[in-house]
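Next come two complexes, and both contain chain A; in the first it sits with chain B, in the second with chain C.
Showing the complex of A and B:
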């Protein structure tokens, strides 16, 4: 199992825009390089990409929460 | 042409130098490296003039390939660095060859990394500076942050003796990143707008850096400040934080609405109608530059003599580095 970490601090969002469907849901599959969330910092929304492929087992942070650099975001069960 | 091949640009990497001084009165802020100490030290480590153009990377460093023999140095934030996969040390003179690739891992302390290359970044000079001012898209490399695939020109390698590979800056001369960054501040110009209790509260509060923290300014959170009641003067806005327009010193702190103080930095607007309640001294703008979203800062009141002494002390630290590297 791999844990994806935030590479920058800011505010964490699971959806591309307010009210939109989340990028990924728990239990769904992601592939390496896929956008899984946004982090807003320095007036820009930066895409967070999956560093591994696999199944998302758990989000470790809620939509709209503040996130710090290096904080665990999501657990992925490697394919 | 020899230069740097930008494999990845990182999050926000720009060309910066000592800044574009002399145009403040026409509304152009100086830009320039936010942490001047780390930036200048990086140049000294590669034998450049202290004010040569270098790269400033925020939060996520770039990945760069070299196309000829150079000396490089990485300073500023704590970050693991590799050269073609092998770990190399920050705050040291690192020789590189054509084809070498410099990469950064995740920052472990601080916020901004400086990378100097012998010869400097050879972008054209604009109004006396190579600093990037992204808001109007001028200076630096095409007036913008680096993007994947860019090719950055480098200057001629300096003639004369450069520091030997492996030369370094003593641990004691490098910046530290405490849990709460103390920012020495000269209170004024419009601190008369705050109540006595509010000014005390401003100095006693530990403030948190919000997500809105970049080269323009740092927005903080942690308390609410009350303004003295007054009759709105002619020419001032209706917010209690408004005054008749004035020039904003670089480093000045304004508090629109009484909460969320904003510290204006090198790319900020040069004037306006908000009361500036204090100014972070130049030496400690290096320190705020190395705080990131979520970090804590506090303000410590100093007078102008203490501010100038701190500036001299920073100059002496750079001179000590310069002397150590000549030994």
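Showing the complex of A and C:
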């Protein structure tokens, strides 16, 4: 089990835009380098990329919540 | 009067100051991240309105209204950004029996829809950039483009403030850009309506400050030049616009007053124009709120725009008449943002370790922060606005250069050095420049 961490502080978003489909859902597979979420820092949107490949088992933070640097975002079961 | 200041940062403090000067009480609001902020400390009372993300605090209409009610405020000042141009918010403030310090909701709505605003300007006899009504599909857009000519811009009807604009260089790009722009507008603004507008090359951004009270008085407080921009965001603003022919100045200002009168404006507002090199000018949009760069107007006219907003909201007449508003000298404002110009202007939240502010004759600094405070990642990156007045433009620039040399910001990056370089640039010092000047010279490139 690995966790993906926030690389910057800000506001966490699971979707590319309001009302859009989330980048990834629990239970789906991600590959290294894939965009899995956005973090808004001072009105600038930054893509969060998966550092590992595997299956997303759990999101550890809700859409629109505050996230701090290094905070765990999601759990991934390594492939 | 007891005013709920429904904003944060420097503009919240600006409003607190104006309230106190007018003998009114000011109630601040704050999110988790802003507990202990300077504007909270300096207000007479404060209400917590929610978690740090703006959507859960400063943009949360229910939370802001609950704060107004809990504090016993009888008016709400929205500042700029956040809920300032949200007609629904203005309606709900009024429905709660409070005074919204701004124009009537119908006017916010009319000017907020850029396509409707263009139509309204045309009705008022104010020139608009040649363009189309909202376009639906590619065929529709091609027909409209044939009349307008290239290059042109695809603009989101719900956009504004430089957002929701995409350039089209030639006919072959049109269909593709149109589809992208519609999708982007739908995602960003919740409304995919777009229209086409002719691009005006080498245009300056000239905007006119207007004030209107509830007694039929509408005045202009002269113009500002905000042509130094990066990606359509203003970096440096001036008043008056350098080198503007006096007859043209009067003509543009009169056009702004005509529009404000036509829409039944009330409060402080700004009518933005594009000014082409040949002297033709076109209405761009109207901002129905106080503007970030309002201080340059204040220091060259002596008119306190926020104080006038409060007077108007209380049903009083403007304290000034058109003939009593005269230009005195020149002013320049630079926006000091917590961004790193050497790293693509990446925002740099963090702790303000050092924040030594400049002083001296003609120097004004508007900031919501103090040394030791945290610049949080949740909101915009503005640390402070530096406004310098001089008897002429040269003196205003010289004072701004000196002020920037005195400034010490540590703990976060800032745009101070970029500003120091720009204010010494021969082309800018000679002036005027157009809105693409900064990007074309490679400075502020992404």
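We take it that the second predicted complex is superposed on the first by the 79 of 79 C-alpha atoms of A that agree within 3 Å, B and C clash if a C-alpha of one lies under 4 Å from a C-alpha of the other, contacts with A are read in each partner's own complex, and residues count from 1 in each chain.
Rule of thumb we're sticking to: contacts are C-beta pairs under 8 Å (C-beta built on N, C-alpha and C of every residue); 3 or more make two chains touch, one makes a residue touch a chain.
None of the values given here were measured: they were computed from a predicted structure.
Once chain A of one complex is fitted onto chain A of the other, the partner contacts of A:42 extend to both chain B and chain C.
Of the two partner chains, both chain B and chain C are touched by A:66.
With both structures placed on the common chain, the touch criterion links A:11 to chain B and to chain C.
Residues 8-11, 40-43, 66 of chain A are contacted both by chain B in one complex and by chain C in the other. Against chain C, the residues of chain A that register as touching in their complex are 8-11, 16-20, 40-44, 64-66. If you check the complex, the residues on chain A that touch chain B are 5, 7-11, 40-43, 46, 66, 68-70. Of all residues in chain B, those touching chain A in their complex are 11-12, 58-60, 106-108, 211-214, 292-294.
The part of chain C that touches chain A in the complex is made up of residues 32-33, 51-53, 55-56, 187-188, 190, 338-339, 346-347, 349, 377-381.
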